[in-house]
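The next part holds the structures, each set out as structure tokens.
Look at the two complexes coming up: chain A is in both, with chain B in one and chain C in the other.
Right after this comes the complex of A and B.
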């Protein structure tokens, strides 16, 4: 029986691609999801290519086109709609039975009719425990009212890569992901925010979530009232925090460790204050002083230390690292505004917090207490700055270590980048969930396709054509690559906010 | 000054030293001819101290009044009461001190009125501290802009730990961020942290915690041994701070290593290490360390105390926390946070009980159940309701975990 939903019929193909003839009057799009039914079962297939087909030899078609263009002829083909048509290439992505769903291991029946997918066809996608929300399923540019969740704990600890060209909606996606995570308690989030865009200092942001008071902690060098000043006491900085972030020679490293082993927490202070040292070359000391001046903004006039910026201090922020670690292991979302910091300092700060939580979780693991705490995710923008091949070749840094070992200790990365090809293949492969947004550059698409959890080798064109807010989700924890539409962050606020009881101010006297 | 905690110790001697410290601080202030005194919370250890403590405080405050030295105060987490019925209110009505925490509600924002000191023209504002950092709600709606824009020299008094300045030993303490306070004041007089410290951060100069005037517990006695306050002068646009240490009696810590010793040999050891020491008018803390052969009751603490008192000690207190008793296993990885300490204790003892059919792990179960049972009575909640609610919540929790199976629930209460 022919219904209005029928969009075509299978006419040829093989396992790498099923070709259908598109029904006249129907407009199918790249990336659209289609189904073909067999009794109670059905295949879900996705469009990866569209081409023309015709019964009429090409020379006749060219001649007819020429006559129409040059002679203003009214010539037309007999049964035009039958003779000329559109061929659509589909990739079978899932086979669904009433009891289960899995990757297809056979082809749908030849000449089967193909329909557009409906919400009912995707009802088997359930909301898991510890859900992580990604958006709604998209079929081409049509958005289906099916929310996409994966098990958040798994996804987070096995790292996430978010890739997109500029302006494709990365920030919106991260806001949506993190905003929805504020409803959950299974994960702590550390967001290194170089654009100060997630907290919502001047517009809506995570601070506007109904749970923000209890869950969102904001650190900034210029804090808003009620938020924390991003300040670190230099006594809490350890030499290994500089690993892979600050470029240091062997001699400089030796000097640093000499001071650290001798003076412990006063190592930075004593290097900066040292006039000369019996065992350290004066030139090495001078270079280190200059580097510390650049990184920590610290200098001396011989007797006293001077701090150029408020970021580092010698009498404030002694508990900052400890507090951030505590917040994260209590499932809070810590946003660190690094917008006013230089790139190297930003990574140093992010690295210090990342190292702190990673060490803490390694320690918990050795005590068998790892699963008493929520997992932790570290969101890092422009990830190749710390995970790029050239950076890692110069020496390991904490982000590289977490990318390789974090899963064992329930600490994951969310690496955001426009240039995934700069990240080594083994690290890309370790990122078990990828949210791929519009990416025009073919080498970047190749890097993503080659390292994806699903076979998306036919999706290259699709990825190139993704519009703002459209994405393709591939994950070890999903049986299929899911086309997504990410909702607009601002639209989340149209949802009804639960009534919040007004807190009574105390500690002051009303008449 | 701050954190005087008058009336705070159980022992008469220490309670009296607390009051003497206050008296001495006031005497020094009068001698130094201060213009006014700021007390940043916890003048008293409770909102309703004993008559003797109130009388001692009133006598000194009256002396200040006679000398025309104003006393500006805020309440602290100890002497605050949500009902407002505190001794500070009585003293304020009697003109012995002035609270600087009056506010007006202006379009949903709290506008502090402040008090302008008539001698110096300095305006003083403040927000009291409340247990559990509940004052945060007040800072959330505080009209900071109005405070920052108001003319003249200004002082802000607060009784809260500040996140950016709290010492590493108090890393887990509830604190407020400095950004809650208005910027650009001349001086920020802090309380609540019992250690003294001076801090500065962008927009906030002269943030000062004087610390306690006298230690408030044995740990503080061990660490600080005394207390103090600041005398601050402001001349030619320059602030000068002088910390004045207050020590009524010396605090002497007597470390007694007792590894492998018997009760008798401990007494001999004490005699040996105190042979040439002078304990006149001192507070002695005996700190026992090491593994004890035998039971703790085998140590004759009374005899040791008497011996030290004979050598002149005013008071002997003992610290046995580092004493390892034979009948207990050595505790590894000592935890310093309340939460972790609880977890460790539950974890060590959890195998002693079997919670049959309990769907959850022992640690979260015990912690949740303890939390239910330790809930404090809410403001306005009747005593009977409080008991009934605790019982109801506890039963509901046990029922949820299916731990009431086979029991007659109606008769449980």
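Right after this comes the complex of A and C.
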């Protein structure tokens, strides 16, 4: 005999929210998925609010509480289960028939019985081609054994935003996403890693993936044995790499381009070495030297150049940028450890590589060869540093350009931030997939809700209450906002069978 | 302001003999009917009782009614009778019969010689052969003292109240027959006194069913208009005595009166069902049953009802009666629904005109109320 897990009955509501009375003894949670059945069809609904209900007038309840608090009393509500109850607000999210599933266009029947969702209710979800794994479907705190996939190349090229407060599991999520992408060949990944946490220098990381030898390329200013030294020849740096990242006056820019147009690849070297120049103000030149000293760690004593760190050089790293571009267009994952670099330098390095791959893919597009290559995703932490309103107001940078135009050239961003509200609305709207983790600040939640692909206007409380590793996935490429549980990265290694083989061929498909 | 006048009134109250927190000399319940022989009020008549955990079922029954269309000669009303059952203070569902019985009451006036009679007919929402009201005459003299005062004839809408009383007894009988067993208790809302012509026919059948199955038939009255011979409320006087003897306990007062009246087949008590209750209720048990139960049996019954009188909404009043009142009560929104349904099915101009012209005779009050915003 099938035992139905009945949790309530519909008592009122409208299309914006269906109200059910919770059955006594049942504990429903924010974000839980529930179903109500009609013959062979069923509605999937999600809890967005929970409140108290009572048939007892407020003044009696207050009196009752007072009696209980202030006096020794054997009084109670005799029919407590009938008179006092919990009301749960649900949003209908999907209507499933034997042949198809779509957004609901009508309400479930009044007084219908509501049940908890089971794995069987989600069996219609399929694993797409070129899958990108996000985690498992979550119903409240309960994790269902249903893997969530979206079509990876679409998701990647249409940009992804990962938003969460500190400690909610952003890094773990990125590790899980990138680790599983190492199973696939449809995408190259550039990870700008300011905390040196993805490669796994001292603990488990992407280097431990079975395909790591072939797929993971690690650049660091202090490389591990067998990995690459992060060093760039200053001759490979172009003036536009500084756009929107290094603060420059008009006069300084003019000076830079003057040197570049005249000296080409020696423009930095010659600025640093220049004593005086006929057409450039001495003071401008002095400021630029100081700035280059700060950024590139480069200075001169007369005729010789001095490099303060190993990051920039004039005799090594000539192929670094090209190598990274080549790796990416061959579907590899390039991790650039920027943990020892200052913020401005980190962004400069990221920007140099991003500009390189973006230019390459633009070129491929013009030659009609764009789809011969895997798509590319650039993962950037604390994204408002390059995508923030303030930053973009001062001048365009390569990340802003990719956010706006990258989709056409199959280059996407994975922007990670705690403060999505700092990113302009048009860029947020261009981030067609959002992975929203626990976010306490209401203005940040509002920014996410307003720019989401699904109507998640009722999800504000849900988002605020998301625990570590819990997320809400909204995407143009999914019909519904999907509650997620991100597995612990370390747990991926505990699976006896390699992850890809174990995965149940189900997931959230495109249509 | 009238401060001095109010002070005079308060002084007047304080100077009265009845302004006393003890029983007065020779104070006793006052019954004008010679069939009621009262006992003087005595402290010794107050007895303490405790909760009972006996496994008996207790059933509570109440009715409600409302006028749907009312005029002097044509009437439509709605009656609802509802009961619930508890065992060990938990709600249980009946095995056989429905908990709710609803009827339309169609009443009309008839000219008879120099007088006016009222007659009514019941239309059940759901047919149930067990609820047969054709066994009694449903025609009443409009000046019958049981429904009118002596100077004025009753109003036609009184038939709805009559129907409700009859149905409460009838449903009680059916509950006892179909659902209750030896040792169970049925509590109705109100006293066990019958007042209307034909009502005792119903009550006798209910009592007979109770006797047959050894069920205790009793009633709890929320209000009492009984007095002492000193002019005080009997309920007030007994509460003074009881609370003085047992201020922190449950107690009952007995004996009060010997009733030798066939239409009031009951033994009367006043009971405080919860120590912290502000209320003392008139409580009656079918007379024959009192003899069988004895004092301990009575305490057992009271203890069981007291166990059901611990609800925070109304401490000291049986929750079963709170619940049955809540369900049985017919609310105004229901009235609007039924009236609208009735009128919407009047597809004939003649019947619409008949109803409108009849009701317009009485609805002038409503016009004035609407002017006051009532």
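To be clear about the criterion, the second predicted complex is superposed on the first by the 490 of 511 C-alpha atoms of A that agree within 3 Å, B and C clash if a C-alpha of one lies under 4 Å from a C-alpha of the other, contacts with A are read in each partner's own complex, and residues count from 1 in each chain.
Criterion: contacts are C-beta pairs under 8 Å (C-beta built on N, C-alpha and C of every residue); 3 or more make two chains touch, one makes a residue touch a chain.
Because the structure is a prediction, the values reported are computed rather than measured.
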item: Partner chain(s) touched by A:56 [first = chain B, second = chain C, both, neither]; value: second
item: A:304 touches, of chain B and chain C: first, second, both or neither?; value: neither
item: Contacts of A:69 with chain B and chain C, given as first, second, both or neither; value: neither
item: Chain B versus chain C as contact partner of A:79, first or second or both or neither; value: second
item: Which of chain B and chain C A:372 touches, first, second, both or neither; value: first
item: Between chain B and chain C, more extensive residue contact with chain A; value: B
item: Contacts of A:279 with chain B and chain C, given as first, second, both or neither; value: neither
item: First, second, both or neither for A:315, with chain B first and chain C second; value: first
item: A:120 touches, of chain B and chain C: first, second, both or neither?; value: neither
item: Touched partner set for A:229, first chain B, second chain C, both or neither; value: first
item: Complex interface listing, chain C residues touching chain A; value: 89, 91, 274, 276, 308, 310-313, 315, 319, 323
item: Residue ranges of chain B in contact with chain A within the complex; value: 74-75, 80, 82, 84, 99, 101-105, 110, 112, 127-130, 134-141, 144, 163-168, 170-172, 177-180, 197, 199-202, 333, 363-364
item: Chain B-facing residues of chain A, complex; value: 222-229, 231, 310, 313, 315-320, 322-323, 326, 367, 372, 503-511
item: List of chain A residues in touch with chain C within their complex; value: 56, 60, 63-64, 67-68, 71, 73-79, 82
